[in-house]
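First chain A sits with chain B, and in the next complex the same chain sits with chain C.
Entry: the complex of A and B
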């Protein structure tokens, strides 16, 4: 009985800690808007959050679902083109355009669904080919996508009759969408669906024996993972006012999976940490301008060796190490 | 399309196909021995192309004399990448995705080094000096460089096959490909065999890059040809080495005929679509034995 109380109280404490940390983090994220208003840093943050949102969906597919999707940029693009079509041709606003983007990306996921029968590296290759093929289609279907030149004059974000222009407003919208997706995914992982995913990760055959429909589950992990990317596509188009096919090539797919793994494949916030690092490297280091991507490559290569759990595992690893050093526990 | 054109496109396609085949062998070899989809492999083609620039243009070597040094240099890089970048992850028993991402990272590193101004710079380099005039055989235009590429590709592929079939080391590499743990129990030094297969893949990728530079141009964007060669590896059955060569030739011819007679703009989309169709319908490759790639 005492052991149970101890476990419960520890559980209770860690839950309080989580709530406090989350509240502080959310406040700090919203606080960045007035704090950095009018600075370049804020427009940088807007891009980080948009890319992080696309990576967040991929984290669900790869990390929670165990489906190694190497074609996420295709869904980023499908969302962008689907949403922009309704914005430009039917003069929809942002929220209905989100709906259109989700429908288009979901159709893409349905097209990709037969590939889920392939295992491991075969699915990885097929999804990579799917992404590369979609990029070619984006580039060549000029009447729909504007091809390499892109679609211009995408209308700005407009929600409930209010137009959001400028970095501060864009940041608030983008951040809100990202946090909502984050919260929905966190809740989903606590639902029966999330528990089934956990079970499949522990033992696929065990889960199957317990009545989990693994094929359907993998499809849902893909479908749910492409939705944030589709939303990110619309946000990207509306914030920048332009979409070009080159944003959605297979290098973008590889960049997104890199963000997920660098951030920590098992961590939702890791997706944003990975996006922050990637975007920081591509924007900031002016002093080592021509060496920044070389530095990025070296960083990833080193990270995979010393910290395979990604940025998100830094705290845990450091904590474990310090405990060992202090002699308080065992690694 | 008339027969003459078809034959002409086929001949051109075979040259490109030999290159795809060489790269595809590397993909398959690395997959067979390490179980790894390597994203650094296309960049060995890129490296071979710029090394070829140094050999052919700066040092004024002939294509034939350049093949071995360019291949060896690229093989050396491949071994370094394998030992420094991948071996520590393997030793820890790291996840497959960590290994894949490490290859992505090394691909970035190689491209970024070559891109530097003190290296080769970001623009495309031409290897072509005076190309010899084409010869005509029964009205089909044969270019010497296409023939040379086809010949060197064939020789290398046969050489590799002989190495894997006939030598003791080659047999050990194949044993690791069948099952690493079993090979280790038989007293084979698995890590050494992995390094050898990395070197072989690097060598063939480097030579393919030299040939790409010779036919088209060299430079940091050459790696995209390596990415398309993944399709050749899949067509031949991923992990199947003779299949990779045939897959390369088929892809080269298919690619050329599609570009010439169906649609030049959609050729890449069609090639990537082909990967998906082959994986779904014949995961063991068009010619390979039936294997199960399903879950």
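Entry: the complex of A and C
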């Protein structure tokens, strides 16, 4: 019983720590809006959060579900075009447009579902081809997407009768949507669904013997993972007022998977950390813009050696190292 | 035949190799059936065919009159087929408790969609899982990582996970391989209690004292075919069985 009490109290302590850390982090994130108001950095942060949201969904598919989707940009695009259609043609506002975006992206996931029969790297290649194909469609379906010129004059974010214009307002909306998605995914992973998904990832045969429909669960991992990307598409379109097919090309899929890997495949907040780093590389050093993907490659290779758990594991690794240095600990 | 499980002329070929070649047998409800035979006789293939992990190439499998062979593996679990593996298939970084909870997948899935208070039902599944773990003697290891368990404990954990699905038929693939006599006696005690709880058992095992002491009836396979079937005493007295086993010994010597 004493051992159990110790486990319980440690559980409570770690829970308190989690709550405090989360509260501080959320406050700091919202605090960035007034702190950096009027700076380029805030518009940079808006894009980081939007891309991080698309990467968050991908983290669920890849990290939680073990389904290596290299076509996430397609769902980012499907969400954007689906949402913008309702905004421009039916004069919907942001939240209903989210609904439309989710439906369109979910249809995309249904179309992609047969590819899930492929495993591992074969699915990865097929999903990459799916992304490339969708990009072609985005570029060719001019009446729906505006083709390569894109769609202009996308109405700004409008939620509950309030219009959000400018980086500061946009940042607040984008951040709120991202945090809500984060929370929903975190809760989902603590539910029975999350447990089954973990089981499939760790032992497919074991999960099947326990009655888990592996094919269906892999589809859910894909479906749930494309939803944040669809929302990110609407946010991107409304924040920038314009959508162009080039935003949703296969380079974007590669960028998104880079964010997930660099941030830490197993970590939800890692997706945002990865987005911050990847977006920093692509925006700030203008001179090396054309070497962006070379840098991504180097970054992934270096991380796999130094920090296999991604940026998200920095704290854990540093703690373990310092314990070793101080002695008495074990690695 | 009117057993709980009926195999009629069940066959499975891998290319030109007939791993299982026309096996016909019937397991009665409440029975503990042993499946023995030399290496390569097709025992594990039979378990894979019953549990649906590989498809049949011929014949028919019925559970209480229900054609099983066209049902996918995960759905057979919902019809009451539980199994363990020769090499334990567990989730190594998950706790013992969570590994057992996964065994209640059908109820987990229902809790997920139909019950908004999924948390409370998850916690009731957890307490049920804790009882199952205790039933197989893992009560002290509930929060240990499954990957860190001894081989014997992993096998017990697989049994606990299978029991979470309240199987009508439990397929055990070499449950005591690598265990000492004390441990295998413990497993025998656990398995012996299962029929009273409504679980019929089919067990593959090379440990002859374990099989002979535990099973009501034994089926002997050789080259994918049933060569003998009966009570432990009948099987032991069967000259064909002796020949197969002596033959194997001769090959190895």
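Going forward, the second predicted complex is superposed on the first by the 317 of 331 C-alpha atoms of A that agree within 3 Å, B and C clash if a C-alpha of one lies under 4 Å from a C-alpha of the other, contacts with A are read in each partner's own complex, and residues count from 1 in each chain.
Here is the rule we go by: a contact is a pair of C-beta atoms (placed from the backbone, for glycine too) under 8 Å apart; a residue touches a chain by one contact, two chains touch by 3 or more.
Note that the structure is a prediction, hence the values are computed from the model and not measured.
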item: Which of chain B and chain C A:193 touches, first, second, both or neither; value: second
item: Comparing the two partners chain B and chain C, which touches a greater set of residues in chain A; value: B
item: Which of chain B and chain C A:109 touches, first, second, both or neither; value: neither
item: Partner chain(s) touched by A:304 [first = chain B, second = chain C, both, neither]; value: first
item: Contacts of A:209 with chain B and chain C, given as first, second, both or neither; value: second
item: Contacts of A:74 with chain B and chain C, given as first, second, both or neither; value: neither
item: Touched partner set for A:87, first chain B, second chain C, both or neither; value: neither
item: Contacts of A:130 with chain B and chain C, given as first, second, both or neither; value: first
item: Chain A residues contacted in one complex by chain B, in the other by chain C; value: 214
item: List of chain A residues in touch with chain B within their complex; value: 62, 68, 114-122, 124-126, 128-130, 132-133, 136-137, 140, 214-215, 250, 254, 257-258, 261-262, 265, 290-291, 293-294, 296-301, 304-305, 308
item: For the chain B and chain A complex, residues of the former touching the latter; value: 31, 35-37, 39, 85, 88-89, 92, 94-102, 104-109, 112-113, 115-117, 227, 230-231, 234, 238, 265-266, 268-269, 272-273, 275-276, 279-280, 283, 293-295
item: Chain A-touching residues of chain C, taken from the complex the two chains share; value: 51, 53, 72-75, 77-78, 82-85, 88-94, 98-99, 101-103, 105-106, 108-109, 111-112, 118-119, 122, 125, 143, 158, 161-162, 164-165
item: Chain A residues touching chain C - in the complex, by the definition given at the top; value: 7, 191-193, 195-196, 198-199, 202-203, 205-214
